[in-house]
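Here the structure is laid out as structure tokens; the discussion comes afterwards.
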Amino acid sequence: MELPEIVSHLFAAKKAKGLSFADLEKILNRDEVWIAAAFYRQAAMSEEEAKLLVEALGIAPIYIDTLTDYPTKGLGPVVPTDPFVYRFYEIMQVYGFPLKSVIQEKFGDGIMSAIDFTMDVEKEVDPKGDRVKLTMSGKFLPYKKW
Amino acid sequence: MELPEIVSHLFAAKKAKGLSFADLEKILNRDEVWIAAAFYRQAAMSEEEAKLLVEALGIAPIYIDTLTDYPTKGLGPVVPTDPFVYRFYEIMQVYGFPLKSVIQEKFGDGIMSAIDFTMDVEKEVDPKGDRVKLTMSGKFLPYKKW
Amino acid sequence: MELPEIVSHLFAAKKAKGLSFADLEKILNRDEVWIAAAFYRQAAMSEEEAKLLVEALGIAPIYIDTLTDYPTKGLGPVVPTDPFVYRFYEIMQVYGFPLKSVIQEKFGDGIMSAIDFTMDVEKEVDPKGDRVKLTMSGKFLPYKKW
Amino acid sequence: MELPEIVSHLFAAKKAKGLSFADLEKILNRDEVWIAAAFYRQAAMSEEEAKLLVEALGIAPIYIDTLTDYPTKGLGPVVPTDPFVYRFYEIMQVYGFPLKSVIQEKFGDGIMSAIDFTMDVEKEVDPKGDRVKLTMSGKFLPYKKW
Amino acid sequence: MELPEIVSHLFAAKKAKGLSFADLEKILNRDEVWIAAAFYRQAAMSEEEAKLLVEALGIAPIYIDTLTDYPTKGLGPVVPTDPFVYRFYEIMQVYGFPLKSVIQEKFGDGIMSAIDFTMDVEKEVDPKGDRVKLTMSGKFLPYKKW
Amino acid sequence: MELPEIVSHLFAAKKAKGLSFADLEKILNRDEVWIAAAFYRQAAMSEEEAKLLVEALGIAPIYIDTLTDYPTKGLGPVVPTDPFVYRFYEIMQVYGFPLKSVIQEKFGDGIMSAIDFTMDVEKEVDPKGDRVKLTMSGKFLPYKKW
Amino acid sequence: MELPEIVSHLFAAKKAKGLSFADLEKILNRDEVWIAAAFYRQAAMSEEEAKLLVEALGIAPIYIDTLTDYPTKGLGPVVPTDPFVYRFYEIMQVYGFPLKSVIQEKFGDGIMSAIDFTMDVEKEVDPKGDRVKLTMSGKFLPYKKW
Amino acid sequence: MELPEIVSHLFAAKKAKGLSFADLEKILNRDEVWIAAAFYRQAAMSEEEAKLLVEALGIAPIYIDTLTDYPTKGLGPVVPTDPFVYRFYEIMQVYGFPLKSVIQEKFGDGIMSAIDFTMDVEKEVDPKGDRVKLTMSGKFLPYKKW
Amino acid sequence: MELPEIVSHLFAAKKAKGLSFADLEKILNRDEVWIAAAFYRQAAMSEEEAKLLVEALGIAPIYIDTLTDYPTKGLGPVVPTDPFVYRFYEIMQVYGFPLKSVIQEKFGDGIMSAIDFTMDVEKEVDPKGDRVKLTMSGKFLPYKKW
Amino acid sequence: MELPEIVSHLFAAKKAKGLSFADLEKILNRDEVWIAAAFYRQAAMSEEEAKLLVEALGIAPIYIDTLTDYPTKGLGPVVPTDPFVYRFYEIMQVYGFPLKSVIQEKFGDGIMSAIDFTMDVEKEVDPKGDRVKLTMSGKFLPYKKW
């Protein structure tokens, strides 16, 4: 997976400043997952957001230009090899059709949007092992008939 | 995608009985998504669960045998063509690495389990268009060093 | 490409009745492309639409059941081999990114929906060779920030 | 997707000049989609067109040479990962065969040309959300028998 | 490669009648390659052609129906394994771009049509080993600008 | 498709000298298609041929070394995306097996060689649109039994 | 890998008769590897060979028809999963280019034919473990220039 | 196919010295095919072998280091496009299973090793066209039961 | 994944008899993993082993024939979708090259045989969660030089 | 396979220092396989581990930064071409489902973790050829029901 140069630059600056994505969430007033998406050039920032980020990271203002460009999206190979990312592929393979059945039963024929879409990550402390709580919210788009 | 014969049989019986997955949730005392996974042979039922299902659907007890077998999991092609399922592939492609950054920042090097894992679907009524709320909870598994 | 049995049955009945998709457009009050999509099990009909179709084609009412099911969508191989269908793959390969640039310049970062979407086919008679006029209309979905 | 160097150079110059593809449409007297295709090296310009573009963008005349070369066409991976471009892949997967049925019913056995082909993009303002109107016009090519 | 049932039926009838494709060329007044394409359901026959063929092969008239249908085209795997067919893949891999350079130099930017296209096979007797002479004739289609 | 550096150098020199492949045909006494194949490093030149080419193009004699090396052959992706080259893939997909039937009927079990093989391109002027005439001649190689 | 029905029928008959390929070599006067290729429908027999085989195996004469047809060749998946067959894929991956260098140094630019080609298998008894001796003989085909 | 830099360096030095692989066979006392494999970094040399080679080619002793490293093996794409190498893929596709039948009949269930393995190339002069004689010798490894 | 019919028959018989693989280990005097491999037709049994199995399972003696045949090996898709099997793919992807470095450092250039190979499974009871202990033993095969 | 630059740097330093992975095992108090995984950036080190390694290898402390980053995991192509690594792919293909049957019979429906996972390599000296003993220990993760 070859990432654009800006990506490693942003991560290096964030590390140097000792900032977490949670810290940036407060500075930019955007969710940490969305900010991480912008770090990987999977989301486009507004002028203001880019300015805030550039300032917070102490990097050259010229990066605002790239951060506000509409990126080509999609990362990594067809089937991900990284075990973290692969588990989402596995969830799609195992639970994709069951979810389709349950959601279409509730909403009719259509899809959950991945564009009008938000995500939230929470850490649930648990003595048997902490858990990741991941909440997705996507607009339901019914198939238009014509 | 060629599904085992039992799958269409289960769906037909459920339709004939006029039962929704939400109805089955009450009868089996299991979440509707998990029950839908069992319908697709992506989850194995216990004897009791299978008996309850077979009764509720009014199908032959012989199906208990299949429903309790440990299945080979994974459905459909490498990259899904169905638009509903594809959106989950897209979420993995676009947000997989951002999620990895955020979650590993909170938990350390490791993964969110897709085995010690649960899901919940809710319908959020919204005047601008209803939304699908999908909550995943997976145990965080830190990489063991040795 | 293995199509469900109902597909060839529908096409055979339509041929036997001497009906074109344009004829069916008048009977069902739906666009001929959408009806053809329903023939291929790429769109789900309502009870009423399915009844009208079953009657028009003179086939058994039992098919209403299948026609109203929410189908698994997507036809044919990863890269289509049929020359007619391939040309649409070629248009995507050659003009996909140029369209992205033009449309995102007009609308911002987002996509043209393939769900809230309609299509229309017209024949343009032309002495130098008739032309296919294909009009697509898709809702623009801006990327939600969160 | 690795694009030839000229591509980013053209986009950077266009941005620096504050020109939209719609502006270039007026200057070159070619459709904005076709011009965007030329930007991505998916279409070859004539000497005059290339000169007009080079002037408008204020870039070195040496680029005329490249802009008039007949390019190798086709962009990005076999199945596109970018959500904007993917939707066109999805349209081909879902509606390719239905279109084949409708168009071949009207025209006979043959294809819609992707070479003797034009496209037009319009923005339709709509209170429920703006829509992209995309019109394609391709010559119908009947299969020659021999 | 799974061929439609009619294919083996046609080949068996042709063998039983002791007819070569060259014989059928005289009966149908079509080139033997085109007739072989129709045998494989890669070309659609007219009513008259199909009648002549059905008669010549002594098969049931019901096959006229299939022979006149517009087929889904494309045979075999992505990269052919059959050595005969593979050699054409190899010619495309080795000489495709050289041909593009030579032909576009003569005709401008465009393609050789595979639709408005004919082929002819001849056997050239040669003491050093007979040769296959294959002549293709395709209309040149220049890229339309718009 | 990443071509060796020599390729673009050869094409640039040819353009600078204003030479067509037809011109080079006269200078090298080899067919223009074969010369284009050598340009793409799909054919190896003899010392003399390489000298003539180097002289004609006015490039450094050091290139003789590369031009006479036996190259690794095969260009571009598994399924070509360039529309010109794709049409040859399409011809193989649609007409490969029909050709096999016709040619093996005439010659027995075997293949048309792509090694003991020549090609010729002609432009046929035609008021309805010029045509590409492509003639291939390959030695027939019967399967050896042992 | 789905083999034609005749394949398992031939192997079953051979087993029932207690014949080895070495036995059939004597009966048909063809090499055992070539006969095994004919068993898998990878080689076409002459009428006489097919008659001898049918007799030797005690199967119905109707199989002569299939055994003499020119088959579609190539067995199994793109990369073989069977460990025996995979080792030949590995030899090609590891030693293919080294062989190309050595053989083209001896013969010039060209290939070893896989059509004008024979193979022989011998068992070499060895106290450290028996060895397979495999001898291939293929005609060298120099690239024709034109 | 991207080869490590050392590969082209070795070939260039060999060419400059006017040495054939047959010459190196005498100098290194190893088979020419094995030496060619070492050139492509498909085999690891001993210190002494590497020293002899480095001397013979007149290259810097630092290359001994690389030549004695245990390399990552396997060259080129999944299905080779080079016609020379492809023929070995074809032999595996067409004769792989027949060889399996013949060899396992002689030796039992197991494989021919590609590790405890040698190869030899000979040129057979033949008035009808010279032939490549390729002899492989691999230890037979029976499947261990446990 | 389509398994031969005998596979489901063997599993059904085993279930009906209430036998575990551990039970069969005692009856056949072979390791349970190897027996499971034979169930999936990934290992060939001897006459005696097959007889013992057929008796133990109470199935028809005719199955001895199939159980003693040398099978075509390799199960499931190129990248496994079943989460259990996928983890072994992941281990190969993540630890394959590290293992190569460690093992080749200890043994020299070569491989661990997957043919002269055994496996053993043990259950380690652990209050923090039971563990699978998997022991593989493969003969080291050094690369032969020649 | 393109590895990050640090990988070759680490291996070069280790070679220069004459250290084996077994030596590093003693210095870092971590298993040699895990250390090799860290060399390939398939495992993240703690600050202390990285410091010990950097010191032992005599490389710049700046590498600590990279060695402690959480890496993107997974090495090499979808199907490995290197014979050493391929054997693990083969083991997964041949024994993956048999292992699933045996392990799930012992533990219930679930998987062996590749995250809460350790490995150990031992050399077993054997007069018939040394053997690699590889022990894996992975936590069994039962499928959670919900």
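Things worth noting here:
For reference, chains read A, B, C, D, E, F, G, H, I and J in written order, and residue numbers begin at 1 within each chain.
Keep this in mind: contacts are C-beta pairs under 8 Å (C-beta built on N, C-alpha and C of every residue); 3 or more make two chains touch, one makes a residue touch a chain.
Just so we're on the same page, UniProt names per chain: A, B, C, D, E, F, G, H, I, J = Cyanate hydratase.
Every value quoted in this text rests on a predicted model; they were computed, and no experiment measured them.
The interface in C-F, G-I or B-J that matches E-G, meaning over half of the contact pairs are the same by residue number, belongs to G-I.
Set against the C-alpha centre of chain D, every other chain centre is closer than that of I. Taking B-J and G-H together, the pair of chains sharing more C-beta contacts is G-H. The geometric centre of chain D is 50 Å away from that of chain G, both derived from CA atoms. Averaging C-alpha coordinates per chain places the centre of chain D 32 Å away from that of chain E.
Chain C and chain D have Cα centroids separated by 22 Å. Counting partner chains per residue, chain J has residues 33-34, 72-76, 78-84, 90, 93-94, 97, 100, 104, 110-111, 113-117, 119, 141 touching two or more of them.
Two chains count as a pair here when they touch; such pairs are A-B, A-C, A-D, A-I, A-J, B-C, B-D, B-I, B-J, C-D, C-E, C-F, D-E, D-F, E-F, E-G, E-H, F-G, F-H, G-H, G-I, G-J, H-I, H-J, I-J.
Across the complex, chain E meets chain C through its residues 65, 72-75, 78, 114-115.
Per the touch definition, chain G reaches chain F in the complex via residues 30-31, 34, 43-44, 70, 72, 97, 100, 104, 108-111, 113, 115-119, 141-146.
Partner chain I is touched in their complex by these residues of chain G: 1, 15, 76-77, 79-84. Put simply, chain F touches chain E in their complex at residues 11, 20-22, 32-34, 36-37, 39-40, 42, 73-76, 78-80, 82-85, 87-107, 110-114, 116-117, 119, 121, 123-124, 126, 128-141. Here chain D touches chain B in the complex through residues 79, 81, 83, 86, 90, 93-94, going by the rule given at the top.
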